[in-house]
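Both complexes shown next keep chain A, but they swap its partner, so chain B is in the first and chain C is in the second.
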Partner chain A sequence: MSVTGIAGTELGVGRFRRTGQQARDFAGRILGRSDGLVGVVILGVFTLLALAPDLFVGPLQTIVTATGKPLEPPSVVHVLGTDETGRDMLNLTVHGARISMTIGLMATLITIFIGALIGVLSGYIGGRLDNVLMRISDFFLVLPTIVLALILAPIILDIIGPEAEFLGIRATLLVIVVVIGLTSWATTARVIRSQVLSLKERMFVDRARVIGSSSFRIMRRHILPNVVNLIVAQSVLTFATAVFTETTLAFIGLGDPTAPSWGELLNSAQSSGAPGLGAWWYIAPPAVSVVLVVLSFTLVGNALDDLLNPKSARR
Partner chain B sequence: MTEPSEIPETVALPEDATIAPSKAAEIRGQRQWPLPKLAVPGAPLLEVKDLQTHFRLRNGWVRAVDGVSFGLADGEALGLAGESACGKTTTALSLMKLLPSNGRIRGGSVELFGIDLVPKSEVAMQRYRWREISMVFQGAMNALNPVIRVRDQIAEPIQYRLGQPEAAARARAVELLDLVGIPRKRSGSYPHELSGGMRQRAMIAMALACDPAIVVGDEPTTALDVMVQAQILELLERLRRELGLSLILITHDLSVLAETCDRVLIMYAGKVAEEGPVRRVFTAPRHPYTRKLVGSFPNLHADRRTLDVIHGQPPDLLDPPPGCRFAPRCDFAMPVCTEVVPPEVRFSDGVRVACHLFPKSDIETIGAPASAAAGPSAPAA
Partner chain C sequence: MSGRYLGRKLFQAVVTVAAIILLNFVLFRLMPGSPERALKNPHLTPEIIAGNRARWGLDKPLFPDQLVNYVEETLTGDLGYSIKYRGQPVTEVVLEAMGPTLLLIGLGEIIAIVFGLWLGARSGWKRGGTIDRIGNGLSLIFYSMPYFVIGMPLIIIFAAGLHWFPTSGMTSPSGNKDLFASLFDLGRHLVLPLTAVSLGLIGAYSILMRASIIETRAEDYVTTARAKGLADGRILRAHAFPNALLPMVTLIAINLGYVVAGAITAEIVFTWPGLGTLTVQALAARDYPLLQAIFLIVAVSVVLANLAADIIYGYLDPRVRA
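For the complex of A and B:
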């Protein structure tokens, strides 16, 4: 109860309790910065689109329900033009937001969970466990994401079948989530471990042990709240990377063709020869969306990092 | 604290600084939590005999504490003084067996209520740590977790050591904070929201959490300004009277000792140089080291040039010199000093000295060495 989400950060924490007043204060301080404001606004727009795409552009268009002619340039009816089957690009891009951001979110959760767990255990317990865990993380650090995806995707699909669903997400998307999670937890674990190494030498850890706290309790109650700022910053970065990686993987054909993520759209634009035909409106919307989402996350991440870092001058 | 430098002359020790034994026994009877089951009836509170705490290095054992003995009575305040690295903190940590992984108690005994703690296992020590001997750590900012409310941190030992439910522990923590002078409405603060003095008060509240018999203060007032320092010392003094605590105070600051302690133990290179009632030791120091130590403390009223400096450095404890360890820096060193370890001699006024200048307790104390002190280059016979 005393440890609340983002609030559990060194020094930054005390100011930000669960009470409404302080939450408002904190929101005010993020929005008071130009980078924070821009980031939050862009992110808010995309989150809204991802949550309720039908509300803004109607149900996802398929080849059957396509409303336009193939590769129509932007017009009043089709603001962003159409693709090679006559589907409205605005409709596809907005629906793509949901897929891309869901994948980003799930991959981030996996990454941060594994990374924080390994980082805290490895840093606090140290010794042989640290050695083993860090050698494993070394292995995952040097593993190229795309190669791993190329190998894992067919294996996982073969085991569970391409039509299998997990929490409403198709297996192919799940592969992408797993691959992103597997290849990026090691960075988070390294970053958190290094902070824990310094934290465990602090006197309050000794004090906690003297007054009778077990190692587990020290890790959960004393160490973890002190690395929350790192976890927040890492989550933001991981989310941006995950969206980007999803786009890349879908672009090279490892995505789910029935779910139009942004990477998937770029892939079909490429395979339909859109660049050669001068159909820039086929490429620009998903590409700009990816750039905007990654940018907004970087901006929010920067702002959070500054606000939560006690040593930063602009708090 | 107004004139911190005037140790020998103007220190005003309260006449009833030591709580009478009968009253102390009474306080022991009033303990909120029972005495340890193994406690020997009538045994002194704390009796340390010939304590040897050594640290293992790659090339041998560092004898950080080498044969230290002292006692602590109910309600008494004992000061541990000496320059850096002379074994003060190691002595205190040995009482709780809180040594770094390369440290070991290789001899002697630490008897609390007549129970020897030295052979106790880690698990067995849990009964005594914090419940009987607790500690006020040096540097309150580092000893408090920056992201947990002060009240909840103080509740921790009450929960874990005494097995109290969380709500009760928290209520008790607020009471303790009140006791050390932190208002109730500030008890939900985070450490960085408190001033340095308040953080130190919070550390004292934490030390009191389990109603211990002994509180060890490791430089509790270092890094605080003089006014706050005075407040903290006053608080410790008040708690000692009200709760019948026994204090062990470690500090470099002799004026702090003069003000708060009943007895003082001067350590040098892991050994006791001089021990006795604070007024006797500071006004009539016998051991040359004590004399130097008192002399090297700045005095407001004296000329700046009279500040005494102890030349040289403490010996390497990996391979201490034979004989008296202070001999290489001593103005009065005699041939015997570098060969024979001086025995500890107890005087009728309660002072204990380990120096060849005082081979027997019947030698008049101030006489001979004091006249020798007149000449700076002392006669090394």
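For the complex of A and C:
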């Protein structure tokens, strides 16, 4: 079990310190693995596209501003062809990166926040609280996000109305984000809890308790910094799942038509009959993008997990 | 197997199913089309409203009367009436759609278990070898693809392009066929959806089996077998494979929830007349009774599959019965 490169883990100093040299070492170890390198490069490209889509392909085309004829195959003008309303597929796919990845990121933040909170509380406090929280997590472990989202998303959406907005984000997107977040924290909670259980028996936690630190302080200053590694690895893996789930939910018709994520694009391809018409250019760009992003996050996540998670089975 | 282990697992399953029914009950009373809101109509006289409330049992308190009533009806299979299907009982509509889904998922699981476990075992046994590089690479790619993303190119190539298989549906409309002809027709329709479901599953199972066999390889009894001079293939078949299979039992059952959820998206692509296509129709029409019934069926089957896995696992591996 080598967890070198991350200060604090073995030293038991409740602080997450990492010198520049160590960070470089660590980056080198991720990039030194072929899977890690491929993943990081693909992610870099998509992140760039997601950050400034307008810079690469201009503003998002709508039915009004569509520049081509319906379902044009790829040509010099429309490198990836057009959809059934004449919108440029390259334009849509690049903007889709922004929407899909933003939803994925927000859902991941919620998932990790809930998962880490419950994992630390459950592991450190233990007893009856642990029992209750773990039974709840059992429920969410048994029922996959997509099954729960199927029933939760449309009902929540109908209650608040699809036109509602919070902080400038349309309700449809927000509901998907929240539903993914609320239903997928259980794995993270389990992983973190099991690490906390072993941390809590370590000497430095006893020392902190002896000098009179409160439980809250021990969790915040001594436990949390030592599970940061796990949180990072879990976040990356969760992001892959979140993008995957969003794509599926949008595909079955729970997405927002005005914010074409990749899943939403595939949904309109399906409902316009693109597969049967052989319009491969309508399907390939969003489909390949989803697969590349999910795959590269999985690769990076696994690489991180191998390096950071002392219990990883993949070594 | 000790009764205590079995009892605990049974109890957990019952609690989970109870939570699912409770969730359905609560959601049904929150949503916009709920009976209480339908009665908020200024044209209705107080007498009519009171009469309807009494008829639907809304005059009784939510707890315990309405809840007890709801649980009773759910347990007897009365899940209300579909909105989209003109008042047909949803239980009938859902049961009708379950056959095609079971056919697709059942066959897909069998194919995927056979090929996925074989591929995973081969990959993990010769880690870094040719089979591992190609097999594990492909598995990771298929694992990253939603089932419908696997299905769409299949339609483009083999149905729209080559015309080998039909693009959608489960049967051809022409009637008057003998048994053999209709089975052949069903088979032709089944090939592409089944390929999509199997490919997606093979990726997942192969990755899990690979990890399991890599762990098993390091066990002492494998080293012993090697020291005895057994042939490599025999060590894999007789010693490593059966032991690596053990954790797969649970993983396959736990995966079932994802399989059902995933397979229904494959159905949509091929308009396969199962639960997936039904789900999309129910979503589009906001047919909540139908949607809730689908949720209940899928959720309960997942719980039952998990329970089955726990029992089989406890039977196979005496260590977990404690």
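Just so it is clear, the second predicted complex is superposed on the first by the 269 of 315 C-alpha atoms of A that agree within 3 Å, B and C clash if a C-alpha of one lies under 4 Å from a C-alpha of the other, contacts with A are read in each partner's own complex, and residues count from 1 in each chain.
Everything that follows uses one rule, which is that a contact is a pair of C-beta atoms (placed from the backbone, for glycine too) under 8 Å apart; a residue touches a chain by one contact, two chains touch by 3 or more.
Predicted model only: the values in this text are computed from it and were never measured.
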Query = Can A:Pro144 be said to touch chain B (first), chain C (second), both, or neither?
reply = second
Request  = Counting touched residues of chain A, say whether chain B or chain C comes out ahead.
outcome  = C
Message = Going by the contact rule set out at the top, does A:Ser194 touch chain B (first), chain C (second), both, or neither?
response = neither
Request  = Give one of first, second, both or neither to describe whether A:Ile159 is in contact with chain B, with chain C, with both, or with none.
outcome  = second
Request  = Check whether A:Pro225 is in contact with chain B, with chain C, with both or with neither, and answer first, second, both or neither.
outcome  = first
Request  = In the overlay, answer first, second, both or neither for which of chain B and chain C A:Thr248 touches.
outcome  = second
Task = Identify the partner contact of A:Leu277: answer first if only chain B is touched, second if only chain C is, both if each is, neither if none is.
result = second
Message = A:Ser213 in the overlay: touching chain B, chain C, both, or neither? Say first, second, both or neither.
response = first
Remark   = Residues on chain A touched by both chain B and chain C none
Query = Considering the complex alone, what residue numbers of chain C touch chain A?
reply = 12, 15-16, 19-20, 23-24, 27, 30-33, 140-141, 143-146, 148-149, 152-153, 155-156, 159-161, 167-168, 211, 215, 254, 257-258, 260-262, 264-265, 268-269, 276, 279-280, 283-284, 286, 288, 291-292, 294-295, 298-299, 302-303, 306
Ask   = Contact residues on chain B for chain A in the complex?
value = 96, 98, 126, 129-130, 135, 137, 139, 142-149, 152, 156-157, 160-161, 189-190, 192-193, 206, 209
Query = Where on chain A is chain B touching in the complex?
reply = 2-3, 8-11, 13-14, 202-204, 206-208, 210-213, 221-222, 225-226, 228
Interface residues, chain A side, partner chain C - complex = 135, 138-139, 141-144, 146-147, 150-152, 154-155, 158-159, 240, 244, 247-248, 251-254, 266, 269-270, 275-280, 283-284, 287, 290-291, 294-295, 298-299, 313-314
